[in-house]
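Multiple structures are listed underneath, in structure tokens.
Each of the next two complexes has chain A plus one other chain: chain B in the first, chain C in the second.
Presenting the complex of A and B:
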């Protein structure tokens, strides 16, 4: 963990003045520092990489027989669940950005950043970029393993692009939310709250079964939950019953943009309060 | 001898009380432990209830009552993990080092933390069973069946708490403990937590035979539904007690090792 002044962020203070874009230099340094978590914090990638993978295997094994029900758009539950696990992995990576920030706050490192002559949004941008970069590991791992054990890539290259866009976007949403939580509670013990939100956001959607098979209140909640649209965007990659089309794409993109705007605003408000 | 036991009992009680009060001091952080399993219960009961139409799904009075055993198990996993995280926080904050310097038995430090886990788990299980009942779950096994299922889950929570404490003592890292959080769901989903074992895919069905939580959840299900064909409570009890004993021993060994190193 780099909490000393010789950290990349610390070194950038002298370097950024020499770049054409000081803001870009600072964001770059914070991004690099976030990536350092992978090598400096033991087990930093375990939760985000291995867990979605085992979740993929566990969930498809647990509920795999559901594809036998009328109304299921694919006969491969693995293909149905791959995008869900990709989003989960990306969401965990995003939530980890908040947990790491909470640790920096607890240890006093973040106070030093707050008094630095740096625009506040940059303090958030670096960790978010780092989280997006880290999220590519579980997303790729889940996709590769999923396909190797029988999942189908029905959407071709564009479908895969849609899956990565959905995952990176969901990671950003989770990171913004987790950062908002971190600057509010200012303790690492808020970690489960960050991760739980990712779980709930995903589960209160068409996570396990398609909309027509949902019953009761969940049917209504999943319909209005923006994550259902993000999942649909991602599912164009592997679910044969969800063709690659604009109609399956734009609702997910709009949902991502709206969530990033709302949670980004929350994070910035919390950050501003913290600096007072 | 008796005086020594009485003194250590007081230590365990005091540490257990502290563990509980520290966790409840910031109740909003404890909320995931109490709310997340219920949310998942609601989602799974609603999202996968169509699975009841599958052939080979056992006859049960309510699907909610069937899957609530998985919720108890999940609660046990979360309360155990929470204990490990709280201990890692104490280690990072330096409080645990002060405890190590105190003139008490090392094992009492572990038992004290586990006493807190036990208290938390008792509250959790009562809460889960009550809320599920209010939302329409039925427990044909009656009050005794519900109490027995809760007891199985509480013992399991102590076992998971022991594992989490052992990891926390070995690593002393809050970040690592939080990385472990998703693995809670790995343990959960490699057991027939929400679907009958016979309806799992063949690979998972074979794998679940090696997960002790399989027997705990099936035992709890058998007790709640009053139907031993869904799971043998005695085998569940043996699995829960075995896990608790093994994990506690692991935690005590980890603590002795840490004390030797520091």
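Presenting the complex of A and C:
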């Protein structure tokens, strides 16, 4: 079908068919915008950075003697919880992406994106990329402060890589879950639900205590909780008893891939249902 | 006015369109309309009539619960991608990210429409200039005035030179200066060949801009035609003259009846006539009264309002129509 050449779209030379805009440029534009939430909002990072830091300092002081118990794969509780605090910081940064999206939906900004000829998955990917970028701040801060107050990097460079992969991955998982909630409820009031799920997901794992020391139902939950595996992936960085190995790596990667797939699908389904 | 071009499909065509929300409210209820390519179509109706719901369906944000709609020849449900590529949209209540500058927003919009960096940058400058925001382009949108935001909004909708432009109440809440600036812009866009689908609550706006006007009430079209055709429905403007104290009312009535047919008036110090030529009647009336030696305090011309159009086409007032739209009223047997 030929369209008249004097029509505006014809004049600009753009196609009148259904092809979407190139993904790279769109993702880049979304990413650039997401940086504003860091660079242009005063104190934006304080919340996401201070919380895991306070947690790191508080917990290491309070439960420091726990590591005396048999079953702890390290003699430093600080080293045990540095990866946990990194993951928590990354998780909350991910949840914040959902909260921001809920705000964008509520205020109508998201409608502007929805009417653009942009492949729908990019509308989810954009906020996720932004969240991962932002999450690097608390993760790095916790790592540096942790090492400064006596934490040990037992896993070397590859261990640190594992920590960052686990953090970025967990941030992605949390972001997709939070985005799924955002596109479902479409209100900022769903924000606490996003944060709470991250908190619970971490709490009901081997976050504070290794598997052999967990008792009762918490033991069962922590065993099936994929977050335990993601933590293990991260703990190759600072926990001397969890050495750098494939056996400590692949369960975490599988857990991340599975969660990203499930929550990503939920987010996409919610997005497609938005106009109904 | 452009006639229907036989080769190209209508810019917008809507058949039996319905949209029910939870709770059973039918915001759009059996809507049929067609907008020709190159036309400015004014979609006129009171608050709650279903204008925004219709626009949201046409721009692929909302799925219809029945009926079908095509924009630029593409189905809004099954060919949503193609529709999106051909439309520009300025929604009624869509926030603009206050952290971004006008220039950044236009560049981002360019990227969303597949433009490369340099192309998006030059298009952004072009549009900032077009809507008079070149100087403000580097400022964050959070600091813009209402009028500036609407102009930026329009510019954002134009980045990719859309075939069909949807404007949902583009001037509601604007001051007269900003309003007429926006009207000028819409006219010049239309001169360039862009089809415009514009919703409004203002009869004057529809009159000023639209080639054809559709009046929507309770989710369906109750009248359609050119502004002139619709006005013929409603009747002519009325000219009211307030006489100075102790003037001869009877003499004034005689003098004015030579200018236009008298209209009943409750007030004793007031005389009213029908003014087919609107404001052009004012000097004629003043001269007639002057020649008869009658002192005048003030003169005003009352033009038909949306309320009057409503009264004429629906038999109810605007307020009544709004209530009727939300309450499921039984049809009156003929």
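What we mean here is this: the second predicted complex is superposed on the first by the 250 of 276 C-alpha atoms of A that agree within 3 Å, B and C clash if a C-alpha of one lies under 4 Å from a C-alpha of the other, contacts with A are read in each partner's own complex, and residues count from 1 in each chain.
Keep this in mind: contacts are C-beta pairs under 8 Å (C-beta built on N, C-alpha and C of every residue); 3 or more make two chains touch, one makes a residue touch a chain.
Computed from a predicted structure; not experimentally measured.
A.B. asks: Where does A:58 make contact in the superposed view: on chain B (first), on chain C (second), on both, or on neither?
C.D. replies: first
A.B. asks: Going by the contact rule set out at the top, does A:196 touch chain B (first), chain C (second), both, or neither?
C.D. replies: The answer is first: A:196 touches chain B but not chain C.
A.B. asks: Go through the superposed model and pick first if A:33 touches only chain B, second if only chain C, both, or neither.
C.D. replies: The answer is second: A:33 touches chain C but not chain B.
A.B. asks: A:25 in the overlay: touching chain B, chain C, both, or neither? Say first, second, both or neither.
C.D. replies: After superposition on chain A, A:25 lies in contact with chain C alone.
A.B. asks: Between chain B (first) and chain C (second), which does A:101 come into contact with in this model arrangement: first, second, both, or neither?
C.D. replies: Touch status of A:101: no partner.
A.B. asks: Applying the touch criterion given at the start, work out whether A:111 contacts chain B, chain C, both or neither, answering first, second, both or neither.
C.D. replies: Once the two structures are laid over each other on A, A:111 reaches chain C alone.
A.B. asks: Which partner does A:69 reach: the first (chain B), the second (chain C), both, or neither?
C.D. replies: Touch partner of A:69: chain B, not chain C.
A.B. asks: So which bits of chain A does chain B touch that chain C touches too?
C.D. replies: On chain A, the overlap between the chain B and chain C contacts is residues 41.
A.B. asks: Under the definition above, what is the set of chain A residues touching chain B in their complex?
C.D. replies: Listed in rising order, the residues are 41-44, 46-48, 50-52, 54-55, 57-66, 68-69, 92, 96, 99-100, 103, 185, 187-193, 195-196, 199-200, 203-204, 207-209, 213-219.
A.B. asks: Taking the complex as given, what residues does chain B use to touch chain A?
C.D. replies: 26, 28-29, 31-33, 35-36, 39-40, 42-44, 46-51, 53-54, 82, 85-86, 89, 171, 173-176, 178-183, 185-186, 188-190, 192-195, 199-201, 203-205, 207
A.B. asks: State the interface residues of chain C toward chain A in the complex, per the touch definition above.
C.D. replies: So the residues of chain C touching chain A come out as 5, 7-8, 37, 59-63, 72-74, 79, 81-82, 84-87, 89, 91, 93-97, 99-100, 107-109, 111-117, 140, 156, 160-163, 192-194.
A.B. asks: For a test of understanding, state which residues of chain A touch chain C in their complex under the given definition.
C.D. replies: 1, 3-4, 6-12, 14-22, 25-26, 28-29, 32-33, 36-37, 40-41, 104, 107-109, 111-118, 275-276
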